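Pasting the structures here.
Heads up, the next two complexes both have chain A, just with different partners, chain B and then chain C.
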Partner chain A sequence: MRERITTAARGNTDLLGLLALLLVLLVAYQHYDPSLLSPASVTILSAQFLPLILAAAGQTTVMLLGGIDLSLGAVLGLAMAVFATYDARGAGGVMTAAALALCVAVAAGAVNGTLVAYAGLPPIVVTLAASFLWSGVTLVVLPQPGGHVPAGLVDAYNNGWYGIALPAAALALVLAVWKLLRTTRHGLALYAVGGNEHGAYASGLHTRGVKIGGYALAGAFTGLAGIGLAVQTGSADPTIGTPYTLNSIAASVLGGISFFGGVGRMRGTVLGALVIGLLTNLLLFTGISPFYQLVIQGVILVAALALKTYVTREAAE
Partner chain B sequence: MSGLVAVSAAALRGSRAAWAFGVLALTWLAAILFADGFDSVSNFRYLVQTASFLGIVAVGQTLVVIMSGIDLSVSGVVALSAVVCAKVASGTGGGATGITAALALSALVGAVNAAGVVWLRVPPMVMTLATGTILAGALLVYTDGSPSSAAVPLLDSLANGRLLGVPWAFVLWLGITAVAGWLLHLSRTGRYAFALGAGESAARASGVPLGATAFTAYVSCALLAGVAGLVLLGFTGTSSLTMGNPYQLLSIASVVLGGTSILGGRGHLLGTVGGALLLTLLTALLTSWNLSEGVRQVVLGVLIIGLLLVYARERRT
Partner chain C sequence: MNTRSVRGVVALAASLCALAGVTACNVESDSDTAKSGASASAAAAKDLKVGWSTIYLTPSWMQQTLKMLQADVDKLKSAGKVSTFKTFNANGDTSQQISQIRAMIQQKYDVILVDAGSSTALNPALEQAVAAGITVVAFDSLPTSKKVIRVGTDQKAWGSMMAEWLAGKLDGKGSVIAMNGPAGVAVSEDRWAGAETVFKKYPGIKIVSNVHSEYNLAPAAQSFASAYSAHPDIDGVFSQGGALSAAALQTLIKQDKKLVPITGENYNGFLKLWKSKQKEGFSSIATAQPNYLSVIALEAAVAKVEGVSVPQDITVPLPEITDDNLSEYVQTDQPDDSYPINDMPQSEIDKLIGK
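Now for the complex of A and B:
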């Protein structure tokens, strides 16, 4: 038993620090809000964190491929706008709206991926230009904040549905699908192409197809994040997605995803997103001006990365 | 004749900066012929004046991109410099104190960026992203959310005045371009920057000083973003916390449209001038057609992608 724990710990050394930080945050949180572990709190917190976690999952998918997605926030806003603009009535209507929003986001991701795979342009440039494109499309769909999400859905999502924390369940489902995908050859191909593109190509992988698929999958994650944000807030805002681009990169980097592709685990990203989310909430509790949030978030990002680089260098020497 | 075509085709293939000016000339010609109001001297003057704000930031961005870095904190620095100068100038200090304080703080941000990249080994994208986030928060704290406006005579004449009919802002931009051009293409530091951009480990192994070069590039970039903030303050007479936001992505787009490789090591500073003029002209054209904000962004995004596909593709390795 003990041996197994050591082995598991050794496999996730870089995540242990993050996990410890998360535990400290949770203990501090418990101090300010003793109802932290009650079902109601879990529902509220997971509803609040779901968009960031899913957006970070999308960014991680692209980063594992050795890319980066600067258009993520725009695609998130687009999915949100499509979902809330579709006049959804009843369960069927909501499903149609969600399917529509998801399709749009996947298509946007696939377009990004196709440009990266076939155009010979670096991902950062492609997605930079695409961020103008997708935020423009969002403004065409929804020029002003507005749209409408059925009130029953908003209530069920934010306050629980027959005692089930819907957002937590949705998150668990999405992560389970990722976990399953990771074990298939498609998931492996993602890591292979990100880790060593030439090697992957030489071993017979259709690297361009893998890239397009990866960006489309990232689009799916981002689309779900947009739908989640629309349901959480009950309406849509064409510009609300912008901060998610940088926050998703921050969460992924905190979670140990390498900029050069092929290295990192989704569980790290989820931890990273949770740390960012909990920290933001904690700062509100402590009564520090919310203006300081951004300052502290930036400092933690640099400190975590610098510490990690330092530890890795020590270990290497 | 065919020889001339072959020579010019070879020149175009060799110099992507020339492409930027070619496209710029064609677009300008088309604008004069087919769009209303682009044939007047006052319009020309206004275009180069507004292009200067973006251009000054983009020149700094080029210095960083050549050494395969990136500066995502320029938007924060533009706002920082304008907000600090306005607050100091409208308070007890005079305009000169405000300008000095703004430029000193800008340079400090650049030094922090370089320190993080060189000593903490944090990837430039994350480091500058983090300082940008910290700046946004610090400005909120500093201004309590409501930045002040100030009329500084020197900045007003710098932004709106003319020298022999040429806007001072444009003269300033050209002067900055000349100095930066010397720094990048004629000085030893510039050689180092190109070498680091082409391959960092090889460059360091041959004795290129990473630290000194990175500090020069990042401090110059931040300083220029600070200058742009000051000129913008003079132009509008007010400061705002979000006034720098457009410059983050547009400055990178100018660099890339100017033919500089985002991966570093290849490009020319003059291309960036063409890129900034081209982007400003395109924006002005789209505005003159009374398109909605959304459609304008879609067209701009598609145009950028199209132009990059024509002349900024990376060679397949």
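Now for the complex of A and C:
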């Protein structure tokens, strides 16, 4: 038994530090807001963190392939706009709107992936260009903040549905799907191509197909994030997605995803996103001047990364 | 094995330090939580806990707004009506602003002031605050929710005021470059909508180019320069922001071209240029998004707590700066990046908030 715990701990050394930081934040949070562990707070907080976690999951997928997605915020905004305006454009329920938004996001991801795979352009250039493209398309769909999400859904999402925290349930579902996917041929291929593209190609993998599939999957995560944000805010806003690009990168890096591809785990990213979300909330509670809040946030993130590198250096040596 | 345990100790020590640091911060901010919860009762507002969530804090307009607001807070503090005032800066991230509002709800603030980053996205959070018994007042950039008090100017009237003046100046005919704010931003779209309805009445006026730019000098100058090089024979410029106007006027001056009429705002950089070129025949009109909107918002919130029936929508009249009263506004000794405006007399504030 003890052996098993040690092995589990060894396999996840890089995440233990992050987990410890998260626990520290939770204890501090509990101190300011004693209702932290009540169902109502869990619902509110998970509703708030879900879009960032999903966006970070999308970014992680691209980063595992050795890429980076600068168009993530724009695609998120696009999915949000499609979801919230679909109702106004014709008959159809929320599910159709969600499916349509998801399809658009997956298609946007696949286009990014195709350009990276076939045009052979660096992902940072392709996705930077794509960010202008998709934010332009978003403005065509929704020229200014608006759109509509059924009030019942907004309420159920933000305040719980028969006592169930819907965002938390959605997150659990997405993580379960990822875990399943990771063990399949496609999931393994994703890591293989990201870690060593030539090796993967030499082993008979269709690397271009894997890339397109990976970017499309990232699009799916981003689309879900956009739908989550639309449901959280009860509307869509064409410019709200932008900060998610950099925040999702921060969460992924904090979660141990390598910029060079092939290294990292989704659970790390989820922890990273939670740390970033909780940290910003916590700083709001402390009442420190807003400019120092930014300073402290930056210092803590750098310190956490440095500490993590230090503690896990052994593995690399 | 030894290095391993050292690393473990370092990690543990770091966690403990972090924990100690976070709890230490608490000492100072906890001191004011022992306030009486009797603020809901009418008559006199007492020891209100006030928070302001703003989408940006760094632009100079926001800094001036904070300064005016802080002065009013100090006044209300010495009257015993307000006990604490905190500012929350979302730094352009609307999701962050939602977190701020939720944090203020959990911390049981009495009054939430908000300068919204999105006209729709904050509605659920703000309505939740109202449902929790908090007095919520929005100012400047407003949410669409009907449940909060909204203190603002009529952005469509802004656009039509500018357009009407320009159309009159051009005798209803000529080519015009339109300088608008970023696409997809409510303020920019509203001002343009107001202008467009006016221009439609004058078929002789042709919008030869509709430029979108950040409300900043450098990007605006670039956008204007490219539009102007394509249409050098324009008769006027419709601009919906001071930095945009300054960029346009600067370009004309730099290229030594005819100084056609350009509409403006109380951005000091523009007012100074206007003043210096007035004797060369340059003419303009300007209005302002007055910084005292924040003061009116705070006064409205306190009045509401005191039981005054404050109107849901408070539309503050737009000031009008013309060739004649320009010298009352322009401050030649102040930096370009400021927005000269005089305080609003208390009597007028009281009239607006229904006292």
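Here is the rule we go by: the second predicted complex is superposed on the first by the 297 of 317 C-alpha atoms of A that agree within 3 Å, B and C clash if a C-alpha of one lies under 4 Å from a C-alpha of the other, contacts with A are read in each partner's own complex, and residues count from 1 in each chain.
Everything that follows uses one rule, which is that a contact is a pair of C-beta atoms (placed from the backbone, for glycine too) under 8 Å apart; a residue touches a chain by one contact, two chains touch by 3 or more.
Quick caveat: nothing in here was measured; it's all calculated off a predicted structure.
Enquirer: Between chain B and chain C, positioned on chain A by superposition, is the outcome a clash or a fit?
Expert: By the criteria stated at the top, chain C and chain B clash after superposition.
Enquirer: Between chain B (first) and chain C (second), which, if any, makes contact with A:L153: first, second, both or neither?
Expert: In the superposition, A:L153 touches no partner, neither chain B nor chain C.
Enquirer: In this superposed model, does chain C or chain B come into contact with more residues of chain A?
Expert: Between chain B and chain C, the winner on chain A residue contacts is C.
Enquirer: Is A:A107 contacted by the first partner chain B, the second partner chain C, both or neither?
Expert: A:A107: touches no partner chain.
Enquirer: Once the shared chain is lined up, is A:S131 touching chain B (first), chain C (second), both, or neither of them?
Expert: Only chain B; A:S131 stays clear of chain C.
Enquirer: Tell me the contact category for A:F291 with respect to chain B and chain C: first, second, both or neither.
Expert: In the superposed model, A:F291 contacts both chain B and chain C.
Enquirer: Output check: A:G120 vs chain B and chain C. Expected answer is one of first, second, both, neither. What do you get?
Expert: It touches chain B, and chain C stays clear.
Enquirer: So in the superposed three-chain picture, is A:L301 touching just chain B, just chain C, both, or none of them (first/second/both/neither)?
Expert: In the superposition, A:L301 contacts chain B only.
Enquirer: Identify the partner contact of A:P143: answer first if only chain B is touched, second if only chain C is, both if each is, neither if none is.
Expert: So A:P143 meets both chain B and chain C here.
Enquirer: Just chain B (first), just chain C (second), both, or neither: which does A:I249 touch?
Expert: first
Enquirer: Please work out whether A:L175 is in contact with chain B alone, chain C alone, both, or neither, and reply first, second, both or neither.
Expert: Neither partner.
Enquirer: Following superposition on the C-alpha atoms of chain A, which segment of chain C from the set 25-33, 169-177 or 331-339 overlaps chain B?
Expert: Of the candidate stretches of chain C, chain B runs into 331-339.
Enquirer: Hey, what residues of chain A end up touching chain B and chain C alike?
Expert: On chain A, the residues that contact chain B in one structure and chain C in the other are 138-139, 143, 289, 291, 293-294, 310.
Enquirer: Can you list the chain C residues touching chain A in their complex?
Expert: 3-4, 7-8, 10-12, 14-15, 18-19, 22-23, 25-26, 28-29, 57, 86-89, 91-96, 98-100, 102-103, 106-107, 117-124, 128, 182-186, 189
Enquirer: Which residues, counting only chain B, touch chain A once they are in their complex?
Expert: So the residues of chain B in touch with chain A come to 70, 72, 116, 120-123, 125-127, 129-134, 136-138, 140-141, 144-145, 249, 252-253, 256, 262-263, 292-302, 304-305, 308-309, 312-316.
Enquirer: Where on chain A is chain C touching in the complex?
Expert: 16-17, 20-21, 23-25, 27-28, 31-33, 35, 41, 44, 48, 51-52, 138-139, 142-147, 154, 158, 229, 232-240, 242-244, 247, 277, 280-282, 284-291, 293-294, 300, 303, 307, 310-311, 314
Enquirer: So in the complex, the part of chain A that touches chain B is made up of which residues?
Expert: Counting only chain A, the residues touching chain B are 68, 70, 115, 119-122, 124-126, 128-141, 143, 246, 249-250, 253, 259, 289, 291-299, 301-302, 305-306, 309-310, 313.
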